[in-house]
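Got some structures for you, see below.
Look at the two complexes coming up: chain A is in both, with chain B in one and chain C in the other.
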Partner chain A sequence: MSHETTTAGGLQRPALQTETPNYDDAFDAVVVGAGLAGTAAALTMARDGLDVLMLERGPAPGTKNVFGGVLYTPTIRELVDIDGAPLERYIAEKRFSILSSDGDETAMSMRPGAWRDDPHNDSYTVLRRRFDEWFAKQAVEAGVTLVTETTVTGLLRDGGAIVGVTTDRPDGEIHAPVVVLAEGANSLVTEGADLKERPEREEVAVSVKEVFKLDRDTIDDRFRLDGDAGAAYQYFGEGAVGEAVGGGFVYTNKRSVSVGVVYRVEDAAAGQTPEATLDAFESHPAVAPLIRGGRRIEYSAHVVPEGGARAMPDLVHDGAVVVGDAAGLVLNSGVHLEGTNMAVESGYHAGKAIAAALADGRSDAEALAAYARDLDQSFVVENLRHYDWFQRTIAADRQFLFEDLPRALASAETEYFKMDRTSKDEHTGAARDHLVAAAGGWFGAAKRAWRFRRMLS
Partner chain B sequence: MSTAQPHVPDVSIEDRLYTVKYRDAGESHLGVENPDVCADCTTNECTSVCPAAVWTVDPDGDGVPSIAYENCLECGTCRYGCPYDNVEWTYPKTGGGVVFKQG
Partner chain C sequence: MNDGWNIVVCVKQVPDADDVTIDPDTGTLNRSDAPAVLNKPDHNAVESALALRDAVGGTVTAITMGPPPASAVLQAAVAAGADGGVLLTDRAFGGSDTWPTSLALARAAEELDADVVICGEESTDSSTGQVPPGIAAHNGWAQLTYTESLDPRPDEGVLVGTRDVEGGYERVAAALPVVVAMVFGANDPRPAGLHRKIFAETEFEPVQWTAADLDIEDRVGLANSPTKVGGMDTASPVERERTRVDSVEALYDHLAEVL
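Our next item is the complex of A and B:
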């Protein structure tokens, strides 16, 4: 297929893009991918005095990147002044909602006053195209050389050690002491070099997302927001993702709303298509009014590695490290959906470890091992380990969590608040019966409470 | 609930893909490793997992999917969707492919 024609695209590039002859052996480190992890690594190394080359396959950083919508900034804040960053809104409200496929919704909303105060719990909606480009620009200003429209096609080896990359550019071999693999969830180079096995299908989710344009006042009114306040809505249940295991989301940007679903590729392969799943979610009576009248301005999709701690590959090799999504650093605990913070944290630790190793004139795995150690001791791996049980547990209890519970909650609510001439006492009893029956009796309810206790611990 | 009415008008995959910006790489970055595997496949997971209608199998054809690579969102789902690991998936070359404006 496309392998034998690597120069065809290169010949059509503007002269500027092909005049990149002196990169071979000119840098201390090559970073593959200018996303959050790669840029954090590049920036950290440049600040420590290294010459860094960052390669991005898209026409600009961010052009290939998709996420749900919330960027967590505790580490980014340490690296750059985020006051000038293209942030959309801070998260003033988190709302967790269970949807049945009959149109029922049961939700819990939280708006702690503290989130309204700077730095807003370090949680902001962003659009990746704008944010990633800005973040990469901070790295360039710190001395990183960024080359776009250049795809890394493989790794160069000398003996067992990695000594650089091959690219799709003419004469595109670039030797460097260390390679940072920050290529994202589809880690073709890392897998191609046998540094990582391709994740199992059960450990990968697909997300489809749409951005709807709405004017600022409409968003403020619909979501009860003011100023730069924003909302993060997460949805569970059959009304969110049908027969699949996963969830839906709605996030407010300044003048647009991001809407999407994430669920197991396994479920899509069984026949529930991403498009139909998104259609059903957007049509749910609890969701449709939020986006009514909005103009679709972008449809996007991406896989999400959800294998947790057990699926993490070796992070350190002779001459290379793996960071961000390529290393499977995504947390989905149902309540917490995180990845951007972990990407930046991993890039930061990798950059620090590389700078220290190169200062000793080394780039072997043993010298770079501080990265794996530091990440292991950070919140990143700690959290992944803590919630490792989660995906398997919900998958095993899907029928209850996604179908029976949303309906039972709605039936109980209907019963509990029912207006007729029956006593409240009788209504309360009937409401309780709905919940207890759905949970499999009192014994079943106790068992499930025990099984899911760690969700809030 | 009896009042559950879809509020969102019908939207086709064409409408959705129309919102996406692409740079044509001029050649497909996708393929199948072994067409015989596709010919024997009856489940066609590639067609159901793809969010962008890249993969279609003609029911009267030889079972080998046709690939509208120019629709591809580069999400990677087909790599995992195919139970036979028969999807050949590479990155589009030199800046080609999808160019997200929002992301």
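Our next item is the complex of A and C:
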């Protein structure tokens, strides 16, 4: 019996290729992880004419990715036409709420009319599984080779320089001039290669999130929305995260609502479990009615780097750059919770710097340093530096901010609006006393006001 | 027979069974909801084909029938190690049930001068298990269905299959050419090598054959499919009778009474 491959019959025979080609140095760059930072880097490099291999451990981009729910799109908009993107709702309302563990809520809501107008302040809820897959598809259409279900396990070195990656697949090593480490918050490869120190407990947060399916009309009615308008609610205080330092959130998607909590891993290690924290938050009288009757369709958890500018690793190495969450690029200032925009910005600058370095035939740290410089001068590092004080300050003031203040506010409100036969003047005085006492007297209140003055600066 | 066997492996693209839902109104599968993937039992078929090639030499050619996107499952087979692939694609194939489908695959296997054709035991989207025997019947070849393992004897031109039968197993020796249906989970499919996977997904191109190429354009498609679906229905779960008891003794008494 023979197995001729190209003969006869007029019918084209299948080309049989038993030998596997070797792709070492066939690509200019290998990107580790097809999240927002990795895809932005890959897309930028492909647009500059580079051959890029992007490796993703999930069955599709986005399947392993978790975030609260709001994507900030100013940089993405520059890279791709987001009109076709699977966006859920634009953020029409931001609401900041303080919850006590006694069921009190004090909230402030804002709905600037300008947010209703395109491009809606570049803030949209998205479902990562759908959005990341779409974004990666834009990169593939620009020429990027995406290989999924492949986990990068380590880096290849020649001398000190990084020259490729190892994966969990057989025949799994591949060489390339530059490696982009976009592996996310749990950056095992970057840490394993000593490009980054293992983060301290207090610099890492844990987030757990559930998605509840609800009718579109129900969501519109409950959150007072219409059309594609959506809401982003942020929660603070003991009613949101119990004994921990952190916060809760509720975001509206088209036909589902995302609910979650984020707090320090240190608090989880001290015994406050994520599931109990989320359960308590979802049971709070201010939150439970928002998700009542919803069917739980997703449960996810992730770690969040919150070390700020001081915890950022070296971004550039001989043959490698670090981007996105792997580089600790997440901003939590209490008021601002951002990461996706910083991930995309870092991927973009990294991609540009790599293309320029390779055009000069170089891939050493000095040649790639433009990435670190550009990022340093961008809003990303500037914001991280500006709010670097925040995490430490709130941790030091936890008792006041999370327990005493929410209760004092509720007591003051109760007092101020009290309906009885006492004068308004007396109510106002009593309300003031609650707040001043919680703040540690007039002197304490002044000190705290000074400490937190930068929150809005 | 020193230059090995021509091994053909049949693969099918199906909606991912983990994601598929059933429309409660029509009783049909919501195929568009789920991503299209390689039929799970076919992973075992591909592994058997590669292991057989390791044992006796030769080549593995993957074939599938479907629209052009179906070539993704040929990529998966080539990534795992298959040498090449053939996509049977033609509007004329549209609406084919298991009879014309097995005819097309049988003709293609004949065209490829197959010694062994290996299939998964059934597809997860229709679960008939009729295609492998159908291929054997159309070509008048031997068949080994519900096969758990293969023991090739190239010197005798025989393939011995261990078949799962009620109460145990049986070993059946089949003369070539033979069609094999592998039991789901029969083996542990090898992961694709990184470079092979890159090759399969970037450079590999299957050849495309039409119904006319196989000379069966008048024997395939909906018109040549004897299966007629009379209707679809979903079965609702039956509400079980429930009784609550407060102690082990009460449970025992209750069981004794019921039994």
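Keep in mind that, in the parts below, the second predicted complex is superposed on the first by the 435 of 457 C-alpha atoms of A that agree within 3 Å, B and C clash if a C-alpha of one lies under 4 Å from a C-alpha of the other, contacts with A are read in each partner's own complex, and residues count from 1 in each chain.
Here, contacts are C-beta pairs under 8 Å (C-beta built on N, C-alpha and C of every residue); 3 or more make two chains touch, one makes a residue touch a chain.
Treat the numbers as computed from the prediction; the structure is a model and nothing was measured.
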{"item": "Chain B versus chain C as contact partner of A:Phe443, first or second or both or neither", "value": "neither"}
{"item": "Chain B versus chain C as contact partner of A:Asp171, first or second or both or neither", "value": "second"}
{"item": "Touched chain A residues, chain B compared with chain C", "value": "B"}
{"item": "Chain B versus chain C as contact partner of A:Leu53, first or second or both or neither", "value": "second"}
{"item": "First (chain B), second (chain C), both or neither touched by A:Asn22", "value": "second"}
{"item": "Which of chain B and chain C A:Ser300 touches, first, second, both or neither", "value": "first"}
{"item": "Partner chain(s) touched by A:Thr150 [first = chain B, second = chain C, both, neither]", "value": "both"}
{"item": "Doubly contacted residues of chain A, that is, touched by chain B and again by chain C", "value": "1-3, 5, 9, 12-13, 17, 59, 150, 168-169"}
{"item": "Residue ranges of chain C touching chain A (in the complex, touch as defined)", "value": "1, 3-6, 35, 58-59, 61, 83-86, 111-113, 115, 190-199, 201-207, 209, 213"}
{"item": "Complex interface listing, chain B residues touching chain A", "value": "1, 3-8, 11, 13, 15-17, 19-20, 23, 25-31, 45, 48-52, 73-77, 79-81, 83, 85, 88-103"}
{"item": "Chain C contact footprint on chain A (complex, rising order)", "value": "1-3, 5, 9, 11-18, 20-23, 53, 59-60, 145, 147, 150, 167-174"}
{"item": "Chain B partner contacts - residues on chain A that touch it in the complex", "value": "1-3, 5-6, 8-10, 12-13, 17, 57-59, 62-67, 102-104, 127-129, 132, 148-151, 168-169, 185-186, 188, 198-199, 201, 204, 206-208, 210-211, 256, 258, 265, 268-275, 279, 282-285, 288-289, 291-292, 296-303, 410"}
